[in-house]
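Each chain gets a letter, A, B, C and D, in the order it is written, and its residues are counted from 1.
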């Protein structure tokens, strides 16, 4: 039996259960659902590992008439990381939402819809279906941001909504142009038909701009920090770890699978340039914040910039360097997802414990709530790219690609970026290890529930462990079908 | 003659858009937007897309206008409460760049698009031909319904999920304590109007749903009309928003539940997800559409009714003179 | 008895009618812009609804699209709701 | 028949034009209500009558008449509502 549709049916069914039966203990039921979901994901992973990429025609209508779902190495990797992070966030939310009764009622349906839409995006093989998936992600994510319904989150959520809709329009416009020019929405078929011409360029430009807005890449980043910084902790974790990656994933897929031949080198360098701007701007802004959640949110802006460096490293370079860049980029997606979700979860615990969002309020907590601070630190190690961690491996692969292809300017950007990350992470540590505050007995805190501390630590540990097990996802990325498209990309 | 009409229509549409855009008075922008929706429906007609025209007439010219008027009433009621504390921005004179920048980017986008359409290659694949070829197997006669409910039903399933999410968010935003619409149902004329207008609305809604299997129409358009009828009833003072919460939830989700159940249960027979057995495809599609119509109607209505009624008389808006 | 549509120029005639109605609609935009009160603007919108129905009916003949009569029907049913919402909301619960 | 149709339709258009002119030229809202109802009742009515002979079948004809009927009911009520509202406004102001 084919597992692909179950990855959509399970979250949708659980969404309905949590919507219709709010009196049941929907939190624990959700955890059960996550176990089922993870099992299905693991089985699909295994099957793809053994038999290679799978395609699934929904409704038995072949593309281009119908919609095809595709599960290749990249897809199952992302499915797995989604299931993993979502499960930990769900576990964390069980404890976290105890103090948020009203929000808990609506958190779970939105959580499941978000999960369904993310899975839908990873699996989609059709441009318009991706648009629908993006819409569902947007609405679920915006809904989760404004759950706590105070004036700040409402404003942030609305701005997020408007920017995301603007991005959707850009994407849809481009898809409409591609459809009018080639008559198909199926990505594989489009990859065979597409040619470099004016229509294609305008369409790809429109799509790219739309997706950059949705991914919050530098000049379009401004909606992200208030939205991610203002939301509930498990929501921030899901948003920063997974949601912004969904639009980047589409961008990468499009350039990698569909538009590889039509991507001019100048565009790729331009993408790299805004990525570099994002790294520095996000880093500096993170350094300036005095609220801890805003610091982490700006860190996301900076880290997303690294993803954009993949394009100049992969386009117009030798196949082996291009391959390294893509592997590094995808590993960065995974490493950042783990580290950032760990960071947001641990920060959520810290804020709950000291009862304030200010960084100054964390003075002297190193002896009071060491576990969460340790999780924050581990995640920070991965973000800085120190060995051994997933972040290190990702940046190492990208560095190798940059050095190999002789693009020294990106080497500088990569190294300076890491330095900047270290600066703002240590800013938090300097405060929390403040000896004076420890001695004076400041930083007296409420006890944090064990489950919350443990979840953050678990994810942070995985971000480090990815440094040892990086071969596994990288190997999956080079499964037959992905490999062939990677080779096309580099030629 | 055709060209002359289309050019005039285009100019009218642009005028309305500019009117919305450059209007500092919020209410003027709303009325301009209603007019824009009407003209947009005409544009869809001229583009040979009567299905979209139908949806636009129902949603754009009908429901959206109501929602926006409602929103303006809320805003001005709030405004009257705390004197201009938070809505100062709406009345502020916009900066020069914020007027020029949109025009500038619109011109650039226009030029790029013009080029993209002018030099567009001939499509090597023709989906309309494929649709026409497979139409006999789809169970319906209207190609658009076949695409929405059969060939690309997965998209439609997710779209319904989007609507459902929207209404969940609206429910989450609703304060736990909100009063029902004040009982000013005394107006006998409005009462009489709803008695005469709502039944035909329901009949037309069902007709549009049923027509969807062989001509323009279907679940979305029918649902929009149903929603309009419900909005009407609420405005006329019938307390229909006091539905039991659990009942409302089931009603909202019914279409999605049926759709998902059908989509999944066919897999028991070994068919792929969302594959209708050919012998009953038409019946299944109609059944799903009927349930969707009901749910879409309730969802669109809920988006309107979740908002609490405005708290204060909003006569301030009436006196607002236009500053030229 | 010959109906109008048998004539070769019927299409153009119907288009001209639709165009004429569209011109009156564009003229009505002026009232929306000028106001001066919200009521005047709503009155213009009310007229637009009816004019829209007229244009759709004329187009249904010009383009030989029976489905457009359905569109006109829906528009006729729903155009009034905005007006009702306006009056109810502007009155507020006090009345 | 054809000439009758043309006459009806042109007369209908005339009322639409008159209604719009009234909307633009009249000085107060009450007179404007008076003007636009001319378009709603007579303008659309004459247009529908002129269209009837061209209807492809009885069903379409009935639908045409129904449209007119609905617009009649709706516009009459809406006019009443808005006039009533205006009156209340003025009494409130005084």
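As a convention for this text, a contact is a pair of C-beta atoms (placed from the backbone, for glycine too) under 8 Å apart; a residue touches a chain by one contact, two chains touch by 3 or more.
Composition by chain, UniProt nomenclature: A = Hydrogenase 4 subunit B; B = Multisubunit sodium/proton antiporter MrpB subunit; C = Multisubunit sodium/proton antiporter MrpF subunit; D = Multisubunit sodium/proton antiporter MrpG subunit.
Nothing here was measured: the structure is a model prediction, and the numbers come from that model.
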**Message:** Which chain is most central here if centres come from C-alpha coordinates alone?
**Reply:** B
**Prompt:** Does C-D or A-B have the larger number of C-beta pairs in contact?
**Reply:** A-B
**Prompt:** Taking each chain's centre as the mean position of its Cα atoms, how many Å separate subunit C from subunit D?
**Reply:** 10
**Complete:** Whole-Å distance, C-alpha centre of subunit A to that of subunit B, is 31
**Prompt:** If you average the Cα atoms of subunit B and of subunit D to get two centres, how far apart are those centres in Å?
**Reply:** 26
**Request:** Compute the distance, rounded to whole Å, between the mean C-alpha positions of subunit A and subunit D.
**Result:** 57
**Asked** Can you list the subunit C residues in contact with two or more other chains?
**Response** 25, 37, 39, 42, 44, 66, 70, 73, 77, 79-80, 84, 86, 90-91, 95
**Prompt:** Of all the residues in subunit D, which ones touch at least 2 other chains?
**Reply:** 66, 70, 74, 77, 81, 84
**Residues of subunit A whose C-beta touches two or more other chains** = none
**Message:** According to the definition already given, which pairs of chains are in contact?
**Reply:** A-B, B-C, B-D, C-D
**Item:** Contact set on subunit C toward subunit B in their complex
**Value:** 11-12, 15-16, 18-19, 22-23, 25-26, 29, 32-39, 41-42, 44-45, 48-49, 52, 55-56, 59, 63, 65-68, 70-71, 73-75, 77-82, 84-86, 88-95
**Message:** Residue numbers of subunit B touching subunit A in their complex, please.
**Reply:** 112-113, 115-117, 119-121, 123-127, 130-131, 134, 150-155, 158-159, 161-162, 164-166, 168-169, 171-173, 176, 246, 249-250, 253, 256-257, 260, 263-264, 267, 271-276
**Message:** Show me the residue ranges of subunit A that touch subunit B in the complex, using the header's touch definition.
**Reply:** 2, 5, 8-9, 12-13, 15-16, 19-20, 56-61, 64-67, 102-103, 105-106, 109-110, 113, 116-117, 120, 128-129, 132-133, 135-136, 139-140, 142-143, 146-147, 149, 173, 177, 179-184, 189, 193, 195, 197-199, 202-203, 205
**subunit C partner contacts - residues on subunit D that touch it in the complex** = 1-2, 5-6, 9, 12-13, 16-17, 19-20, 23-24, 29, 32-33, 36, 39-40, 43-44, 47-48, 51, 53-54, 56, 60, 63-64, 66-67, 70-71, 74-75, 77-78, 81-82, 84-86, 88
**Message:** For the complex, give me every residue of subunit B touching subunit D.
**Reply:** 187, 189-190, 192-193, 196-197, 200, 315, 318
